[in-house]
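Please see the structure below; I have some questions.
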Amino acid sequence: MKAARFYEVGKPLKIENVDIPRISDSEVLVRVRSCGICHTDLHFIDEGLIKPGKVPQIMGHEAAGDVVEVGERVKDVKVGDRVLIHFYFSCGECYYCRRGRESLCVSPEFQHFGFTTDGGYAEYAKAPARSIIKLPSQLPYDAGILVDAGSTAYHAVREIGKVRLGDFVVIIGSGGVGLCTLQMAKLSGATVMAVDISSDKLDAAKSLGADHVANPTVDNLYEEVRRLTDGRGADVIFELVGLSETMGRAVDILAKGGRLVFIGYSKDDLTINPRRLVTGELQIVGSRASSRYETVEVVNLVRDGRFKLDPLITHRVSLDEVNEGLDLVRRGESIRVVVRP
Amino acid sequence: MKAARFYEVGKPLKIENVDIPRISDSEVLVRVRSCGICHTDLHFIDEGLIKPGKVPQIMGHEAAGDVVEVGERVKDVKVGDRVLIHFYFSCGECYYCRRGRESLCVSPEFQHFGFTTDGGYAEYAKAPARSIIKLPSQLPYDAGILVDAGSTAYHAVREIGKVRLGDFVVIIGSGGVGLCTLQMAKLSGATVMAVDISSDKLDAAKSLGADHVANPTVDNLYEEVRRLTDGRGADVIFELVGLSETMGRAVDILAKGGRLVFIGYSKDDLTINPRRLVTGELQIVGSRASSRYETVEVVNLVRDGRFKLDPLITHRVSLDEVNEGLDLVRRGESIRVVVRP
Amino acid sequence: MKAARFYEVGKPLKIENVDIPRISDSEVLVRVRSCGICHTDLHFIDEGLIKPGKVPQIMGHEAAGDVVEVGERVKDVKVGDRVLIHFYFSCGECYYCRRGRESLCVSPEFQHFGFTTDGGYAEYAKAPARSIIKLPSQLPYDAGILVDAGSTAYHAVREIGKVRLGDFVVIIGSGGVGLCTLQMAKLSGATVMAVDISSDKLDAAKSLGADHVANPTVDNLYEEVRRLTDGRGADVIFELVGLSETMGRAVDILAKGGRLVFIGYSKDDLTINPRRLVTGELQIVGSRASSRYETVEVVNLVRDGRFKLDPLITHRVSLDEVNEGLDLVRRGESIRVVVRP
Amino acid sequence: MKAARFYEVGKPLKIENVDIPRISDSEVLVRVRSCGICHTDLHFIDEGLIKPGKVPQIMGHEAAGDVVEVGERVKDVKVGDRVLIHFYFSCGECYYCRRGRESLCVSPEFQHFGFTTDGGYAEYAKAPARSIIKLPSQLPYDAGILVDAGSTAYHAVREIGKVRLGDFVVIIGSGGVGLCTLQMAKLSGATVMAVDISSDKLDAAKSLGADHVANPTVDNLYEEVRRLTDGRGADVIFELVGLSETMGRAVDILAKGGRLVFIGYSKDDLTINPRRLVTGELQIVGSRASSRYETVEVVNLVRDGRFKLDPLITHRVSLDEVNEGLDLVRRGESIRVVVRP
């Protein structure tokens, strides 16, 4: 089969012919139809922030397709099912999994689809049956992006950010995950300000329901947020950029008792005097991906027409064009690019 | 009356004769019998980290005594009552007070007893009736230390740290507030490790119920905590030292999903890569003092013999000796020193 | 001034001339412009379920108007302000008020506007300044209904029902408070089924965003809910009818781990075997009115165009017609009737 | 092997010779060394409140012993391990299991050890490897009672009752689970009143740390609780008796905002007017058994000397004497009886 494999930091993925994966008795084989390109791929390919489990490594972790083979012990998935692959292959038995926090799985057998084990930039991919999610007939294969972009936003907003009706929420960074976070926060009843330096992305944010948008190179974010919140500041902030200055600004605009949620992989460090945490009872927390069951719930939101998938997908490329797709992400010219193997 | 007043950063307090405070119709006047010396006083006197509301300023914020006069509109306090003065004079009407988070009061009329308004290192002090707490007959005046040391620990453990039965808790810094935090965490059902560089303080921690103690200059904290928690790390850590190295170490020993709570005023900054917050879903939060109602609950714990007050008070000095008392705190030779005006 | 006063259970209110109330130094006098009629009035007038604080008693507890006089010590309200009167005159100092749960106030001075003290079916009404809420210029006086119908729904959905994005919510009873609850649940991200025996009310529910509606005399509620939730049942149910059969049905359609929230005053008892609570870990809870700060937040939702006030008000009557207004409510022919004194 | 089997409601268990169970590749076989007799057995044997999965049925669900055989796919358990059998054989994959709420498992394959599948009143018993818990060497086999009595109490206090430092807790019914609940509530920092009509059980409660005890046939429970709580009532009540009068009394002594937790299987119904729930914002909830991971935590509490196991076990009988053991429970003369097969 054809696949796009990572060999070395800073080099393009190689499009190669490799063997179709062989499944164990608890796994399924999927003919991949769509696989989203996520900004995290660049942290891996360009920066080496995340280490591959092996080299060469097929990348891609937002995959959807058709089941073409199932292991002997697999019960709830069958050949012909249209499915998503949840990209955290959690064990189901460790301290965290038994408590329902699958993205914190500490099993030595834990695998990270597309990072530590072969992923979805390929014609075929295998996954444990327990990481498979049925795709309702109303949803296109491009719903593959829900397993990361959509579900990461859902988990961050609902479980970690605990956004509630009436909250004032700021989202710093309006790319793919940012616009998903925006939608989830709006659905949860928040008033939302989207922040970005790209006016295209701010336009996208507006069309997806942002109540306010701001470009920090032009607008005085601090003044704006204070004005809109009776001087109080934001109840919850999602930080998806990870640069010193955006992080510092985030702390400045947080209300007393407010919560700053990090999503994704920052390059820069955050430096803060704990006195600020104390005097404002601020909370700084991280949110990591999602549990499989959260992706199920996100799929339902799309099925019910409440979460909008289409506007997020701005480009589609073939498997041969995966490096061009990565370039689009690199240049910030897309929201979500999907690869169609 | 005699009072100890702050004039200038780096200078001793001056013992002077000043007028007895005049009360408004909603205030009460208290003949101060005991006032604890808190480490925060040094951040004020030595470092200027906290700014006085006025100069000169009578310091001291852990005061107890007898009510000698009450304003016309005061209903629930009367002359002769033995009382504590809760040191956060919150307004009761602002955004945070109406939600029960009095220590975040944002009223322009908010006062901080002993910091922005005259405090308890004096023969008399005044306070709003709504900040007064009755002292049961079983408790000595030295229970004044409960309004800060005791209640700050209670709030940090119960409301912010959310310590629960079965948690593994580490307390970094075993001074006055640290030993109160230890007691509160033990009462909440945690297994507790107390950390300090002073063996005297670790001995005190042991006698107050610490399950484990560690001296980071001798012990490998990281190994110890991993060993005691099946490799998982601490569920909740209270950091009361505020030095770069103790803060960094705290992050290292936190379990996935764990919570690092800052109490008190650090000098150093915390530097952390948000990636660590994300991959471990760590939470870093600040805890600020307490609401008056929490002090009421702490008083009940002492009354019922569950929280031990006596071992915390290692020295008693007269008002004339307040600078000697501050020196004891400076040199780390005491747990709690109280001034007896 | 003209006022409508209650004398006896089962008798109409009498329209009479009475003295304009005199205010204390912490109260304000309001020229009432609008006062909603609430179904709870009937529990009082027709059934005697709630006892008057005195007889005769001016009723009406959803009042808005203009401030015409303020007490000497009142700071944040001034003559000419357009205001709402929060109808729970909580003390601000008791166990519950200090914890931010004002509707549970246990002060002997607690008053219930329009029930234990004179209310808003009058040309003038007085209230403590701390129960006053500013009415933004965009909102009409009929926003008076927000202090009960709107805020009670907000509190029930957000604080007690803890409705979250993705929840399946059922609202049993689609009158005034029910339709407010529907809106709040939709704003919080729930999928909502509205239940009523009146097709007019179900139509109103649909137009306000209900995803599903059901008439229990026609539809098989149990089957419907199971079908829509993959067999699981409702996550949160709000019960506003209070009849044996609606309550029993509510328990039947609750998911394991689900929450049944009672709002308002039921006549019938609920009978349940605790075994059902145990095997399903069901929660049955009550929600009482709201704190003043929650009404402020509801006012903001209306100001921002997120909560719809207009469709709720179906009838407007003069003060002389208050008994006709009450009849409309009695016959279930209205959503909300407001009195314009 | 020898086993005690249920045939018919109202009849004694029959001691018989039956085949040793055969295990599947994911199960383990245990030589049972101890199995606690639980009051729930009587609801099954005497009242038929719980239905057997098959007849005849080996009963007993609090089992501990030695692993003598393991299935081929079992990884973390080996022959010779001393173990407990968690009695809820949850699936690990359903809606509730994936969220960490194993006792609500809705899989058709869910089994209830000793109720729907053969249990521990036998020389051998089999169980899925994922329901097995290692028994530390310090703990005796009689720790089998922890899987129900201990863990049910832990789950009820920590997860459902959410008992916190400073709460006033009442436990109605001081048998085996009641005394475990008492210990868990004490460990969580509550002030606890134990209630029972047996003075022996109240003595046991006192020796296990009850702050107050009351016999409702002698003491005025209402007055006592109000007196001890400044008139407020109990924050959390655990009801383990399930009679109309104890349940009604429980509602009477609950504080506003308080929580009444049902554990176990009541015969009587609870009748309550929802108005009481509303005016007091009361919460009535059920607590069901526990997840396996909670039993692990309870085992750690015993290992660390914090939860006392010994005083709970008042009688030990052989397998042949199981009906005599059940009689002891029937007559209320024991705390916990264990069978030693």
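Order of writing sets the chain letters: A, B, C and D. Residues in each chain are counted from 1.
Heads up, the rule we're going with is that contacts are C-beta pairs under 8 Å (C-beta built on N, C-alpha and C of every residue); 3 or more make two chains touch, one makes a residue touch a chain.
Given the structure is predicted, the values throughout are model-derived calculations rather than measurements.
Undergrad: Looking at B-C and A-C, which pair shares more C-beta contacts?
TA: When the contacts at B-C and A-C are counted, A-C has more.
Undergrad: How many angstrom between the C-alpha centroids of chain C and chain A?
TA: That pair's centroid distance is 41 Å.
Undergrad: With centres defined as the mean C-alpha position, give me the chain B-chain C separation in Å.
TA: 42
Undergrad: At which residue positions does chain A touch at least two other chains?
TA: Residue numbers touching two or more other chains: 95, 101.
Undergrad: Edges wherever two chains touch, nodes for the chains themselves; is that graph a line, a ring, a star, complete, or other here?
TA: Contact map by chain: complete.
Undergrad: How about chain C: which of its residues touch chain D in the complex?
TA: Residue list for chain C touching chain D: 49, 95-96, 101, 103-104, 106, 160, 230, 232, 239, 242, 247, 256-257, 262-266, 268-288.
Undergrad: Touching residues of chain A toward chain C in the complex: what are they?
TA: 154, 157-158, 163-166, 184, 187-189, 191, 211, 297, 300-301, 304
Undergrad: Please output the residues of chain D touching chain A within their complex, sorted ascending.
TA: Its residues touching chain A are 76, 92-93, 95, 98-102, 130, 291-293.
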